[in-house]
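Letters A, B and C mark the chains as written, and numbering starts fresh at 1 in each.
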């Protein structure tokens, strides 16, 4: 059996150059008799449950984050500092600040999430573990979902926990605290999910950072609009369940669709 | 040689097809545009409220609706590229993106120019203008992502995924912006509305609209041809073409 | 046709008319190949000739410009999960996280591919890493990272091994041990596809199939 292949350099005279590729055919006296048999059919050693794969990746990412705490702390510090800048830039009048507090907190949360997105796939892409995950027998969306959930636990949750403190600094209306927490609780996962699509698309690009914000921020607009409006409405003492319902719908929509887009994007990026 | 030609016949066929299509599109677009624009700008009656500044409508509205239309066309192309692995669909999406972005920019600029005499300010956070601005961001994102990849095939796929994510988001963004607008604006400004047009305003508008659509077709065809050539630069038929062109 | 391929009618991996273009350079064109159980295939060629691209395409990580890859005569895109359950790919990058210990890294790698992690300590010993189990990988050298990743081979029971430069940064003893492992793997009906710059020493040359990728530099640009 002789295999031939022709290869050509760049835009050269293609037909002219044909290199013969010989595959030395070896006579292999295979004595596949003893030794441990190979699995040849689809029989993994352990049951490949979705839950198992999800927990495995989640545990790994959380372990890494715990040992690399600045990934967790830096976005949080950024969030706090950005929020502190506004009173300095605008002036300390309580009335003005409480009027714009929801917008400030939410815009700062968007930016902090954006800043933290990089860690979602970048290091895995650099050291090759992303390839190994894509080649694992598990469905990609499960692994991706686990990574996004870990990312939210590491970056989204701390934002929610520290937000009331910042709300105090900005004189947020007292009626709005619950609304602020609820919108952050429903909204930050959406930011992580949509952001993951952007990171997955840009992870293979050397200077993807600025590009990432260009791709992702427009997609964040609906969350921003409904979240801030829910907080404003709460300040007036009116029901804001409508806005919350819409954010919840955005959450479930992105939860179902984003992992598939991320999977497809990762396949392109690791190509 | 023939062995080479066979599997890549598709791009070549479409190249020659667009070549044949181009002169027809160009002539038709020139006819429609010149009739439409002259009619609209010189002969159509001025609006009884807005006067002559109303005439910018004949450019603004076609540009705005085409900017949306091109994005949806891109999404269709991206979808067929991802699902059926059509490489040409990628090329067409790549050809469309900058055209769409330009028309979005035209819609924004004409919108602002129209706003100045109407509202006394260049920019107003009108729901449609805001949506159009966000659409421009989406376009720029797709173009930037496309340019960031060195490999054209990968660029096409990545931009395709982003386009599809964008097209799912466009209605949501549009809805949220409309909602935000009514919430914050009350009833101060009348929007760039759909005036009930009289027939002598409608006809020039139709001509303008068809003319601009054809113009978009012409530009996309030109860019599509270039994309095909760039993506197939190592194919013999492209080299043949270049040789023939340079010897002329 | 050799006796083996007659015996096993279905090849493990086969490729039909693969064409690969990178940065507007044609690396290989209409390359077809067929890899049977028991094959040790060495992909040869100068730097930039597309060895890594070929391995990545065969493993399904990259898409070829044109052409198809089959796992047991099924398109790999049609049987992704089954194919991945039977594939071990080892790339340029070791996939080792600096924040985790050697053992945690190996455990994750094994668990991700569905193995139990009971023997991971023994496997680390096999790649000469006993004593380093609990060291953070960031404190280990590049060669040790690769050995952590290679430790998976000793437990692997999947038939298809695709290994890109497995000997890089591995000492002589390690290389010999790996070669032994490859022979064993081929004997039990698996196949090994690898690239390497050094010759395989302990494997008999007649056991090795070679694929030579060699594009020609043509200076006559028009």
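Worth a mention:
One rule holds for everything that comes next: a residue touches a chain if its C-beta (ideal position, glycine included) is under 8 Å from a C-beta of that chain, and two chains touch if they have at least 3 such contacts.
Going by UniProt, the chains are A = Heme exporter protein B; B = Heme exporter protein C; C = Heme exporter protein CcmA.
Everything numeric in this text was worked out from a predicted model, so none of it was measured.
Viewed as a contact network, the protein chains are fully connected, with every chain touching every other. Between B-C and A-B, more C-beta contact pairs are found at A-B. Taking each chain's centre as the average of its CA atoms, subunit A (Heme exporter protein B) and subunit C (Heme exporter protein CcmA) sit 30 Å apart.
The geometric centre of subunit B (Heme exporter protein C) is 47 Å away from that of subunit C (Heme exporter protein CcmA), both derived from CA atoms.
Inter-chain spacing, taken between the CA centroids of subunit A (Heme exporter protein B) and subunit B (Heme exporter protein C), is 31 Å.
Taken residue by residue, subunit B (Heme exporter protein C) touches two or more other chains at 151, 233-234, whereas all remaining positions touch fewer. Shared contact sites, meaning residues of subunit C (Heme exporter protein CcmA) that touch two or more other chains, fall at 24, 26.
Annotation for subunit A (Heme exporter protein B): residues touching 2 or more other chains are 8, 10-11, 14, 271. Considering their complex, residues 1-4, 7, 24-34, 37-39, 41, 49-50, 59-63, 81-82, 84-87, 89, 91-100, 104, 108-109, 111-116, 136, 157-159, 184, 186-190, 205-218, 220-221 of subunit C (Heme exporter protein CcmA) touch subunit A (Heme exporter protein B). Residues of subunit B (Heme exporter protein C) touching subunit A (Heme exporter protein B) in their complex: 1, 4, 82, 134, 137-138, 140-141, 144-145, 148-149, 151, 154, 157-158, 161-162, 164-166, 168-169, 172-173, 175-177, 179-180, 183, 233-234, 236, 239. Looking at the complex, you find that subunit C (Heme exporter protein CcmA) touches subunit B (Heme exporter protein C) at residues 21-24, 26, 65-66.
Here subunit A (Heme exporter protein B) touches subunit C (Heme exporter protein CcmA) in the complex through residues 1, 3, 5-14, 17, 19, 21-32, 34-40, 42-46, 48, 53, 56-57, 60, 63-64, 67-68, 123, 126-129, 131-139, 270-271, going by the rule given at the top. Across the complex, subunit B (Heme exporter protein C) is touched by residues 8, 10-11, 14-15, 194, 197, 201-202, 204-205, 208, 211, 214-215, 217-219, 221-222, 225-226, 229, 250, 257, 261, 264-265, 268-269, 271 of subunit A (Heme exporter protein B).
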